[in-house]
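Chain lettering (A, B, C and D) follows the sequence in which the chains are written, and residue indices restart at 1 in each chain.
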């Protein structure tokens, strides 16, 4: 391995620091709030600096034209004949993600100092948060599927801990469980895929100087085999791993945990949705892209099966999420569903357009979604724990900064040019448009874009426009939790949040505006950075056939969505919190269906959950009657044996033993005559013995 | 008037050796070993008792001056004949043996003591080529003989069947045994530096000169510390003030030889002083460069003169201390031995060992000195804290 | 020139003196002295063998003597302190008195 | 040489014999000292200077003094005259004589083969030091541990009620 740079060798520091901080915080008592958040934020900041170093390193490598993928592997443990070696890698993707995660994470940390300021489990919260971020960073730097999987699981665990942070609230506990189990389902696929991959390629290292699992040799090997339905092993493995990705980033069949994850504190939601957890899924797909995109004939027009599947799932998810988001009333749930749909977009981009497209959207989305969530958090904080948008409104007066930041975020999410969201989403739509397999994903995406614009407008009008509709007391149930601000000070009208919360908002807003320009068609720096091609600045980029059309049409769609939203919700401001939603009045049944998330949960409940319960019943019965009976009989036998043994002991063994002891002690009694404390007696014996001995010796020697 | 040509200087320096060889010429070969032995021992047997006589006078006068009185001034001019008078007196006195005393032991005790004291001189290089026997492990011999003295003292104290003498003997033995350890350890430094146990080679190692100054061990930090510690231990070994508990007049009148009188008493007295000279002599040998001259341009002075000058200086120091310092208490004595002397000597040995491993230079000197100083300060500080050793206050009757 | 055998005989005799004393004295201290004497007799053997042995350059005998002297010193210290401890209990060092043997 | 040997042997035997036969423990110690000195002189005569002097230093300087202290503290010197020898002292002496007879036989039988070296072997102190620190370093360490253990043990045993003179046997 060529001499690796310092930063590559010590890349492990980046995840290690937050983890170490978490460890330290775990040792603190509840009182050391300052130390706790100081540690967490400090560690995060240092990791951020290191991430910048890594980024700079990649840039310099790029400038020198050196290969910008650097790995550092080492033997971890050996089983049998072969070493299991771990390692970390630094390539543009990793560098970019590290920068993003550390930066957003840092802002969210800072934000949560303000948001959780009233919570008594402040330290615990920061412990989990730091661990969460650390695990995510570990996922990013891993150069080994196993290492990645470990960190992945830690992410899952911490997500469980954080979603269930207010575990005294049953819904939170349930949500945590749900998140954990649902992601487990995906991870099972992941695990299978990993094992299969190991079985096939004999290594789990991604890149190992030609011997890695993601390098041509291994992939060629994997491609060679085919399995059921005539699909190649590569496809199978990719699909299995994609299950994991889908589970983590809430693709359609496994999305159900994501909205419920809103039970956690808002910064957690922000972290999960924007920076870490859901991004992990997308990142995994991007990381495994060589495997995903592998197919036998390199020059075929159609992409590989795995990518097709990913694209379809992504498209469906995008549409699905945005549909449901329309009919939600919980400010965070709306954002959650929008996250689902955006993730769908990302998957679609990955599937149709490639790594750069998907990651670009992931990046921008990370920023404006974090912005939106923190904004929502600020709103909730300001409304003293209220989450139902029907009981808000008119906040644009009372919470100016939040309002503007939120507006920017919303516009970015809706994809209004020239904000970040526009460019990235447009990339995806364009790639979907020019997808060789079918155009349906494109239409899905377009429609999802329309809906996105629509429901964001709706939310905006609900939250900020009109007059404030304070929650009646009966709505304490809606109040976020027992520890929330609402208990500490009674709802005294909406108020702006402290600067520790608003400053991150502003920073994120700035990013949400500007970040898009990294990836305009005119100057596709980011794409070229990820695909490691030279970057050029020319407006010729716009003249790609079909691009302008897609752009204009998508902008038009967005505008349409916005106007529609304004038409429905904006014209006359909503006065009455009890008034039902206009759409509800128009289409009650559909709306009900949507607001219940298309009854997916119910479906699962009646199918899987019930099935599980029935199976549990059966196995319980089996346990009680069959196994238990067996055990009972065995125990009876054993007890009988024991009785027999004890009888044997007392009457045979002990007796004989006692006899023996009697004999020994008696003989000892006789012998002890020799050992009266008379030293000289002993000495005499010794002397006599030595005489005898010498005589014997001499006698032997003489003759 | 003899000319100080190198050959003459050489002759003067070696005069005793030459004389002996000249005399040996007249002795038949059969008797030569014995005669040579006698000829070597005789000067010692003559010289040191003479010095003893002079020293008694010196001590009494010196103490007198220190205590603001005249001291002996009747017999002879300025009382110079006082030692004679004492000798005659002690010889003519009646020799009293207590009725209950254990005769044989009581008789042998002073004999053994004097023999031991004289034996110690057999390894002292009094001058160049002037040593009775040059044992390859002479220092060891010296200390071994020191052990004999303790037995003698015990014999004396026990055989007298008097509680004073027994107490005195026990005190003396305890004290000597306790201080023998630091004595040997302090002396060990010089042996380490020379790499030989032979007194002669130790002196020769110190008799070289680096421009004008000789490299005596006392000029090195560990040597100086070793010398001081050695002298303290030697004071205790020879039961002199301030460590003169065994014969503390105010407590147990004269310690272990309280029951002795006349000639035996004189023998004890002699043995005491001989022991003192011997320890001073070994101190000179180990640290003060034995018979070597203090400056390279003074080497024409005969070596034995240097030895005796140094001996005189140290003796005066002994007298001065005796006249100055009051007596210690038994527990103070023991604490001092085991809690200060022993660690300090060990640290000193460490310093000397380190000295070997550092390059020659002022830096080595300073480092060693600083180490010892710090060790001393810390040790005394700690002991003072624990109250084992304390600065003594003098309370005057007012 | 004294032959080796005379030294050996001497040491044997000293050994027996020590043994006889150790066997026939009643005071524990004197028994200890007897043991010391025996040790010394053995040491004399070592030295004699070193002196007259085939290879005096191999100084094993001397070494052994030095070590045995050290061991003897340790043994004397411990033994005597044991005797002191016993004496505190039984107020006697007589080996044949009941108290001494019992305690 | 033989004269010297006989003289020293006589002294040694005399001293040890006295040590073992005299009634008064203190006399015994004096005898012991004499014997030890004689033995040391024998070592010197055999050319083992270092050992001889160590013998004097350790035995006369430490062991004998230690024994003296023990005697003083156990008041053995005032013990009644009748109980110095054990009842079975004859048996002891007989045994000892038997041992001597056997050993003498052994010596007489065995020491014919060894040729007598007339050259006085060279034994500088440096050799001993080197040997101690190279060939015999392990025994040296073990002895050091042993001595430390003995020091501590003796201190613990003897210092149950501290008597000023018996602090830490040397």
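The definition used in the following text is that a contact is a pair of C-beta atoms (placed from the backbone, for glycine too) under 8 Å apart; a residue touches a chain by one contact, two chains touch by 3 or more.
Here the structure is a predicted model, which is why all the values come from computation and not from measurement.
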For the pairs C-D and B-D, output the one whose chains share more C-beta pairs in contact. C-D
Between the Cα centroids of subunit C and subunit D the separation in whole angstrom comes to 6
Take the average of all CA coordinates in subunit B, do the same for subunit D, and state the distance between these two points in whole angstrom. 29
Cα-centroid distance, subunit A relative to subunit B, in whole angstrom: 87
Between subunit A and subunit D, what distance separates the C-alpha centroids? Give it in angstrom. 83
Touching at least two other chains at once: which residues of subunit D meet that condition? 50, 54, 62, 69, 86, 88, 91-92, 95-96, 99, 103, 170
So which bits of subunit A are touching at least two other chains? 680, 684, 687
Shared interface positions of subunit B, touching two or more other chains: none
The chain pairs that touch are A-C, A-D, B-D, C-D
The answer for subunit B against subunit D in the complex is residues 102, 105, 108, 135-137, 140-141, 143-148, 150-151, 154-155, 158, 166, 170, 173-174, 177, 180-181, 195-197, 330-331, 334, 338
Under the touch definition given earlier, write down the residues of subunit A that touch subunit D in their complex. 680, 684, 687-688, 690-691, 694-695, 698, 701-702
Considering only the defined contacts, which subunit D positions touch subunit A in the complex? 86, 88, 91-92, 95-96, 98-99, 102-103, 105-106, 109
Which of the residues in subunit C come into contact with subunit A in the complex? 19, 22-24, 28, 31, 95-96, 100-102
Interface with subunit C, subunit D side, in the complex: residues 1-2, 5, 9, 12-13, 16-17, 19-21, 25, 28-29, 32, 35-36, 39, 42-43, 46-48, 50-51, 54-55, 58-59, 62-63, 66-67, 69-71, 73-74, 76, 79, 83-93, 95-97, 99-100, 103-104, 107-108, 111, 114, 116-118, 121-123, 127-128, 131-132, 135-136, 139, 143, 146-147, 149-151, 153-155, 157-158, 160-161, 166, 169-170
